[in-house]
Amino acid sequence: MARRLPSPGGEITVAPTVNGSTGSWRAYALVAPALAVIAAFFVLPLILSAVLAFRSKGGDFTFEHFAKAWDLYQTDLMFTVGIVALSTFLIGVVAVAIAGYLTLGENPRAVAILRWLYRWPLFIPFIVTGQIMRTFLAKNGMLNHALIGSGLIEPLAAQSLLDWRGIVVAFVWKQAPFVTLLLAGAMASLEPQQIEAARNLGARRWRVLLDVILPQVRGTLLVGLVLSFVTMLSVLSVPMMINPNSPTMITVDVAYRISTLSDYAVANALCLMSLAVAAAGAWFYLQHAKRQTLQS
Amino acid sequence: MQFRNLFAIGTLAAALAVPAGVAAQTTLNVVTAGDQNMVDYVNNYLAPRFEKMNPGVKVRAVGTGPGDAGSQKIYEKLSAQQKANVAAWDTDVAVVHQRGAGTMVKESLLLPYRNDVAAGKLVSRDTAKNALGANVDGYVLPMFHSQIAFAYNPDLVKAPPKSFAELAEWVKKNPKQFGYNGVKGGMSGVGFVTAWVSANSGMADKLEKGPYSVADRAAIDKSLAGLKDFNQHVVMTPGNAGTLDMLNRGEIAMGPVWVDMFYTWQADGKMSPKIKLALPAPGLPGQPMYYVIPAKAANAALAKKFVDFAASPEVQAEGIVKQFNWYPGIDPQFVQAKLTSAEWNKLFVDITPADLAKNGRPFPLSDYFTDIVEGYER
Amino acid sequence: MSALRSRWPQTLGMAIVLGLVAFVIFGPLANLFLWAFAEKWYFPNRIPQEFGFSFWGRVFSPRGNALASLGTSIWIALLTVALSLAVAIPAGYALARLKLRWRGLILLAFLLPQAVPNLPVYVNIARVFYEIGLNGTILGVVLVHASHGLVLAVWIASAAFASVDPSLEEAARNMGASPWTCFRTVTLPLAAPGLIASAIFVFLESLDEFTGTYFVGVPDVTTLPLLMFNASMGGNYQIASITALLLLVPSIAFMLVVERFLKADVLAGVGR
């Protein structure tokens, strides 16, 4: 029955155009101003930096900086991809659960409370998230005090979460509300009759969420997740303030190469590697979006 | 829809492209790396006094963040102005670390000004001429000197280790009680690592004075292998502030910290007044923060006047020593003369002047420095 | 709705779950509030042993300029939202509805500023801005913030336009509406929730940004997050917490205002 729905919810698709192919030049004109901003104020400086990654001390073209970056930081690159991928997955699960309850919840008071609750981390910048998580998740931090105080764990069992787990917690805490806000908006704009019909047929709520609602808001969910993925990839303050161990995230290595060693070449090589990861993530999404369109 | 209004606001934005801060009076821009308390010091202590002496001048202080990253940001902004051929640069006075100062001198971003100011004659430390092997003579004036030392909780550490060998013994007996921040989290960790190599390679003097030889890498790597073993028994902390943070919550009993940051944490109520400092042999590195003037500072004459004022014995005594408990940047004898002996001795409660003279060391030369930190990473 | 008697265990379960969510959200935030008022807090005390306002006094000291910086921050954020939406709405519409050859690449281009660790790029951003005389201006800072915010604005706007049912637009066109009228009265109101959400995100992105502001704005343009960054990186928890709390006020106010505006608008525009 999902087939008969009017439109996919929020997918960026190559939708059938209203004006046919004649709209093409107009399309470029509409995109041009936004692209101009990016090109002049980011892509140009990015290219000016990126060339350093390919220039040897003598000024020749070289891959030595990439070789050095790979040699020193390949573990960190894997670590970064792992952390960000895991965080993205968890963010997706949390966002679907919260947005789903906001849409299907039957207790209006609980829905209202949850709607009020979940947004707060949106307003906390990453750097402050890093700072408060550091004091919250530490061995003698508030989380362990609360767990010990409520008798859930023994004082000796208290351990510090300030490692990769801390980064994941901070990322999910900060980014899940972002995806939830987008997702709840998309769910709210669905046709209510659909959901009611499924409910009247006796489907359980989580079934309705997974089988009826989610397929229709999948596009929005993916947009939110891709945006979170790339954002987390470039956050410096959270890993810097939370994770003291090696391996660490690529952004920390970039900052370290620059501020401790003034080594822009390896730093830029690392940035381009990180960019490749981001592009891969985004590409995955775009391919997926295209496939969706072809199927429908 | 109100979206049309947004376009109106957009055009209005274009009208705002005129630089802000156009005023009848002269604005002296002081940009400082380091912690927020250094910005506050310029803003709340130096600025009002300097403005009173120079009517029509307004001092504006901006911070760029702690550690070498803060100095790097100042360097990058000056370098950008140099590459863009800007005639009058927007920074008049900058406060930077050694590494940043060395790079800036090398790239002709600074004005040689020290001989033009009276306070320039009061400096005596070697670091006023040499910054990690870079010749900065004439370009810099130290604002204050800082030192890395071990901060420890005397309730848990009855007798702090007097040497690195004693420290290695101590961490084996007290696992996970010593914490430091590796090499990626700031200079207190980097300094601990270079000090470890100095102490365990037997090359302390050579690392500081040279001449550099690639062949020494083997000895460096060997002592770093010992450090890997040492690391099994310690806690890694997230950054310079991270070490202090873990001391604050009682999660470690000892760790290397910057002395100036340590006193700030105590003054801000974030560190128990019981925590003490110790400086083991053969020493830990220290470094000054420098006042520098960019090569094309818009108000160079005024900038010189400002630095001369800030480095004068009176201000060093009142501001640097009395207010912050920091080691003075100019020769101590000129500063000590302006203070009572009680005020002066507060500087040396935990670390005696003799310890400081013997065990307060510079960082290794920059080639050795690079070899050490890169060796650590491998 | 099930019968009343079977509801209490469910309500209890609900209360427990909500309590846990509240702990997860507010536990870390409690640190923020405690540090903002802590005069003394160190081991072995689990909460500050002394509360007070002396750090508030420091933030609001006459030479500290905190309020002026906050004002600048808000003004810059509003302009950034205006600029971003002004260019993102047409771009998002074109990306969702019209035929574009390099669609994938264009979408990726907007992602760039968000995807690359920016540290090594800023020195060149500063250089470009010095060359064209935009350094030290509000407009310069707005442009840097907008280039970061655009990915949110363009991607979300595009998703929002794509989710508008094309048959509604066709119906309007069949009744003789011009393309512009059709866009204004049908498409735009239907996409409004997504656009509003993107406005909130762009506002927050700009309000909390500090590195770009430093390279392009300082020393002529200073914003509150610069202070927050300094304090937080140096471990000055009190000052960092206070500035973060100050930044909460415009963030929440902006969200409440646009949501109010959104509700009225959607109802009026769609006529449901």
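When the chains are written out, they are named A, B and C in that same order, and each has its own residue count from 1.
By definition in this document, a residue touches a chain if its C-beta (ideal position, glycine included) is under 8 Å from a C-beta of that chain, and two chains touch if they have at least 3 such contacts.
Note that this is a predicted model, so its numbers are computed, not measured.
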Which chain has its C-alpha centroid farthest away from the centroid of subunit C?
B
If I rank A-C and B-C by number of C-beta contact pairs, which comes first?
A-C
Need the CA-centroid distance for the pair subunit B / subunit C, whole Å please.
34
How many angstrom between the C-alpha centroids of subunit C and subunit A?
15
Show the residues in subunit B shared as contacts by 2 or more other chains, in ascending order.
67, 69, 239, 242, 245, 249-250
Which residue numbers or ranges of subunit C touch two or more of the other chains?
43, 83, 86, 122-124, 127-128, 229, 233, 237
Would you pick out the residues of subunit A that each touch at least 2 other chains?
135, 140, 241, 255, 258
Taking the complex as given, what residues does subunit B use to touch subunit C?
1-3, 6-7, 9-10, 13-14, 16-21, 29, 31, 34-37, 39-40, 43-44, 47-48, 60, 62-67, 69, 73, 76-77, 79-81, 83-86, 90-91, 239-242, 244-245, 247-250, 261, 264-265, 268-272
Which of the residues in subunit C end up touching subunit B in this complex?
38-44, 50, 55, 58, 61, 63-64, 78-79, 81-83, 85-86, 89, 122-124, 126-128, 130-131, 134-140, 142, 184, 188-189, 192, 214-215, 218-222, 226-227, 229-231, 233-239, 261, 265, 269
Residue positions on subunit B within touch of subunit A in the complex are 67-69, 71-72, 99, 103, 181-185, 187, 190, 235-239, 242, 245-246, 249-251, 370, 373-374, 377-378
Quick check: in the complex, which residue numbers of subunit A touch subunit B?
72, 134-135, 138-141, 160, 162, 240-246, 248, 252-253, 255-256, 258-262
For subunit A, which residues count as touching subunit C in their complex?
6-21, 23-24, 26-28, 30-31, 33-35, 37-46, 48-49, 52, 106-107, 110, 113-114, 117-133, 135-136, 140, 142-143, 145-146, 173, 178, 181-182, 185-186, 188-189, 219-220, 223, 226-227, 230-231, 233-234, 236-237, 241, 250-251, 254-255, 258, 264, 267-268, 270-271, 274-275, 278-279, 282-283, 286
